[in-house]
Amino acid sequence: MQLGIVGLGRMGGNIARRLMRDGHTTVVHDRDAKAVEALTREGATGAGDLAALVKQMSTPRAVWVMLPAGEPTEQTIAQLADLLGPDDVIIDGGNTFYKDDIRRAQQLAERKLHYVDVGTSGGVWGLERGYCMMIGAEKVIFERLEPLFKTLAPGVGDIPRTRGRSGPTERAEQGYIHAGPAGAGHFVKMIHNGIEYGLMQAYAEGFDILKTKASDSLPVDQRFDLNLPEIAEVWRRGSVVTSWLLDLTADAMVEDPQLGNYSGSVSDSGEGRWTIDAAVEQAVPVPVLASALFARFRSRQQQGTYGDKVLGAMRFGFGGHVEKKGE
Amino acid sequence: MQLGIVGLGRMGGNIARRLMRDGHTTVVHDRDAKAVEALTREGATGAGDLAALVKQMSTPRAVWVMLPAGEPTEQTIAQLADLLGPDDVIIDGGNTFYKDDIRRAQQLAERKLHYVDVGTSGGVWGLERGYCMMIGAEKVIFERLEPLFKTLAPGVGDIPRTRGRSGPTERAEQGYIHAGPAGAGHFVKMIHNGIEYGLMQAYAEGFDILKTKASDSLPVDQRFDLNLPEIAEVWRRGSVVTSWLLDLTADAMVEDPQLGNYSGSVSDSGEGRWTIDAAVEQAVPVPVLASALFARFRSRQQQGTYGDKVLGAMRFGFGGHVEKKGE
Amino acid sequence: MQLGIVGLGRMGGNIARRLMRDGHTTVVHDRDAKAVEALTREGATGAGDLAALVKQMSTPRAVWVMLPAGEPTEQTIAQLADLLGPDDVIIDGGNTFYKDDIRRAQQLAERKLHYVDVGTSGGVWGLERGYCMMIGAEKVIFERLEPLFKTLAPGVGDIPRTRGRSGPTERAEQGYIHAGPAGAGHFVKMIHNGIEYGLMQAYAEGFDILKTKASDSLPVDQRFDLNLPEIAEVWRRGSVVTSWLLDLTADAMVEDPQLGNYSGSVSDSGEGRWTIDAAVEQAVPVPVLASALFARFRSRQQQGTYGDKVLGAMRFGFGGHVEKKGE
Amino acid sequence: MQLGIVGLGRMGGNIARRLMRDGHTTVVHDRDAKAVEALTREGATGAGDLAALVKQMSTPRAVWVMLPAGEPTEQTIAQLADLLGPDDVIIDGGNTFYKDDIRRAQQLAERKLHYVDVGTSGGVWGLERGYCMMIGAEKVIFERLEPLFKTLAPGVGDIPRTRGRSGPTERAEQGYIHAGPAGAGHFVKMIHNGIEYGLMQAYAEGFDILKTKASDSLPVDQRFDLNLPEIAEVWRRGSVVTSWLLDLTADAMVEDPQLGNYSGSVSDSGEGRWTIDAAVEQAVPVPVLASALFARFRSRQQQGTYGDKVLGAMRFGFGGHVEKKGE
């Protein structure tokens, strides 16, 4: 079937490619004309602006917006809403806050437009591996677009079937689900990212202890000369902590056991933060997910935060402690 | 080659079986005569006590102790030390604290005995999948015993090779490593378990938010009727959070989405606690690993800890707050 | 000077009383006529509704709204805005989210009304001790109302002066500050409450360890028969952890060392949650404040959260661990 | 009565002074002869070595060791044990790990010596304010030494009496308690310090949010130009978070609102770490106390820990994320 795609960055471009490989057609637009041109050479229909994109599509249309969350996505959806007609669909494949999805779906419904939010995991690997998708939509619209999702998803592949499942493979086993109404897709994806932060930080802390145990700063009789790339590798082999994130860690450590290419300044994105906000709103204790987020905040700070200075000032106040060099 | 095995529980028995399948011979003992008898029928040489086990082995001997950590292991090693002779090896395959390994290795060295600690992950799945092993030993002893480790380990299997690795497969790729001298094996295994707790808690918190979002206690317009088994399944398919632990979660949720067989009272073992002690000793901040351990402690407490009552008393003191029912 | 007060609960009523004791006059309203009547007997001018209250005041008026945050406050302010005239002031003394203050101030400014937010700590003790106030307002309006704040504040009292301060006492030393424009008062109060949660939880955890150390569940040779009321008392005497919260804890423990009147189910309020949201928004790591909030969430949960069951299911999956009774 | 004191640093010297002021006599030793000489001029009897100190005392003797915990204290106690006679007492006033106290008490008991551990809070302020003391000892020995403790303690002073207490003031109200047998004093002091870390970190995090809210890095319309010294001051006045630690913070902020004398590199001591170990041993969840300790660890680390680099490597692995400058 046909899909309009706005935003041809790494994600949007590869979505178009994966769809076309499987026989779907795409009408594509990007503010960078070269990106449009490149995809046109790969079989897409190019569009110089949103109006042209809409005009070249057959109804009912479905347009996938694959832009940075926030203003770029918001504005593009507003413009599309003016151009599209009854029963057309706008899909947001970005990292939008789920409450914005709910609001947009209500606003677009008043204009007889449909809204779909697709939380997508898989990033740069999606073209080959397929995209894991959590989708928020009206049921009938989800079903209308299902051929697209089926193509974009990884499919069953050679992943062993979950024990207890039988019969024909379900959507989830192919790598996409209808999570619920508008917002539900991004909600589930948000939690996915929250968990991701927690998993990553668990490995990071473990390797930090191992690294420190091998460090010159310990007395020699308390030290183990541990080989971290070997440890990451052996844990991939039948241990309880095997995971894709561990695979990636093993990759990186083979390249450079010191990870010298990385400064250790770690970004965070909206999803990690919103996960904590959601937990707070729902009164769910999430010490691990919050700690993982705070560790990222801390990783980006210069030494000597104001809070740390407050500690120093108090210690001086009650104990006359003067900070030692190298403490 | 030949291995003595003391302790024929699930782990010890399956270790014997996996070795014999690959052509090794075993001399086995357990205080439960039936366990010895059963393995004898599968080809092992049975021994009624430790002296008999030692007598039936050819030198230099290697005896694998597979008993609960603490007193049972400690006493058995002490008895073996009296029975064994120069250049013999005692292997502790249990969950021993690594500082106990270091102490034992020193004590046994004075008697010209060797000590090996094997941290083993893989548990009940080891017979079929093989055991992931982190080994602490003198280099020459590790090499002497390597044929055993090679058999017990999972081997390369069909796990994709780590990017950047080439040439013949290394030990780590087959699922076992020589982590360092005595104690290093259990140290690495300890950190493995610490990470395991963190990973598990990250998933637990994420699913808790999802479950709560679907709960009756939320106003209906803030609720999503999420299908947790589907979500666990779809994340197995190309998402960033794929892992063996997620596979197991998906298994359990297919069987019962409510997980009604589980009370939610979660045990912890020495390794998880020692990981925190090690981090504190080495001054490594481990908020996620500690939070994961504390969550287990909390899961086992009745409501109304003394600490919580202290909070209630303070709130009454400064604000006249009386606890509300159902708060 | 004259103040209108809407809401004569414990806080609002005592504010009126403390003002009248110092010679100010009040015009008061509450939906409960008896509350109005009672204060009238103490010297206030009663008003049956908001219109009557406004009518009985001289211009420029100042009306203090002392109602539960959220709808009750929001609606009352909207009604007052319709009744008041240019240059009049609405004061919100409740626990409003500071972004709501900013919004309201902007909306009221369009109607030439002024908005003041007063974060108040001191609760049930305010009538005697005075109220510690953090005030958000335009500078000129703050100064107009300052005689009221001066009366309501505790004053210098016998609290030792901060080292390094000299000259005439400043506002802060009398117990009130002009924190900044609208919203700043509630922002500072919000952080105050976030800190309060952290302080309380620090004591709670410490006493929990002490209590457990005295517990029957420990082997007798590892136990100390600690006297908690004595410990709380002695720490009031020259230790580093002296505080008002500790005083209150000592009060409660004298009454009943077991704190048997408290169930340990601990409420939290908006401020504690918003503090975490603010920290997340500003990318400030707040592990202690977040942990304290989560501990409250956890205190209100039944045993066996879904997250805990997920842990149990995983443990069964990889290790065949069956939950033990009493674990 | 008479007390021997070994170690005349700030603590030991002031203990001697406070005792002599109240009519007690002291026999003092320090490896620095000048320190001995100085105290001799203030009325103490000086001793050139431990033997001389013991010789100059009347029996039964009591010798207070006020040295750094660990080797210095351990060795001095061993030497004193050889010099002292039956029924003499050794007092450890330092920051010893409570399990070391228990071991020492047992060893000394075999030689008919008594051991007392005194956990002391109050630090540099003790000479004037008195020392808050938590004491582990046999009951009869505690009572024998009580006149000393009574003098060293702050006494009742002008601290308001705890509600519900009546009759003659108890020991705790004078600032010292008999916490239990040997080890109990340092155990209670250890928890005191654990709580202290938690309290300090709660304030630190709160002020960090306030500081950040006033920061240039925020868009101007989201910023409040908060005055932190004023906020610290006003919270001293009737708020819920009043405490001695807040007083000290207010002192420091008056001197320099930026706290520019402090680097923010914050030490930790044994007690803070042992508190976490004790909680882990007793299975008590202590998220706040642990977070506070970890924050100190983190404050001393250079940016870019190995753990943080692991996060960076994973993010690059799954998302192609390249670290941004200034992230």
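All chains are identified by letter, namely A, B, C and D, in their written order; residue positions are counted from 1 within each chain.
By our rule, contacts are C-beta pairs under 8 Å (C-beta built on N, C-alpha and C of every residue); 3 or more make two chains touch, one makes a residue touch a chain.
Just so it is clear, the structure is predicted and the values come from calculations on it, not from any experiment.
Look at the CA centroids: the one farthest from the centroid of subunit B belongs to C.
Counting C-beta pairs in contact, the pair that comes out ahead of the other among C-D and A-C is C-D. Two copies of one sequence, subunit B and subunit C, touch each other mainly through matching residues, since over half of the numbers at the interface are common to both.
With centres defined as mean CA coordinates, subunit C is found 38 Å away from subunit A.
Subunit C has its Cα centroid 47 Å from the Cα centroid of subunit B. With each centre defined as the average position of its C-alpha atoms, the distance from subunit C to subunit D rounds to 31 Å. The set of subunit B residues that touch two or more partner chains comprises 123, 125, 201, 203, 205, 208, 212, 240, 244-245, 251, 283-287, 291, 294-295, 298, 300-301, 307, 318. Taken together, the subunit C residues at the contact with subunit A in this complex read 240, 268, 273, 276-277, 280-281, 283-287, 290-291, 293-295, 297-298, 300-301, 307, 318.
Those residues of subunit B that touch subunit A in the shared complex are 121-123, 125-126, 129-134, 153-154, 157, 159-160, 162-165, 170-177, 179-181, 183-184, 187-188, 191-199, 201-203, 205-206, 208-210, 212-213, 218, 224-227, 229-231, 233-247, 250-251, 254-255, 275, 278-279, 282-289, 291-292, 294-295.
By the touch rule above, subunit C contacts subunit B in their complex via residues 10, 123-125, 200-201, 203-205, 207-208, 211-212, 244-245, 248-249, 251-253, 259, 261-267, 287, 291, 295-296, 298-321, 323-324, 327.
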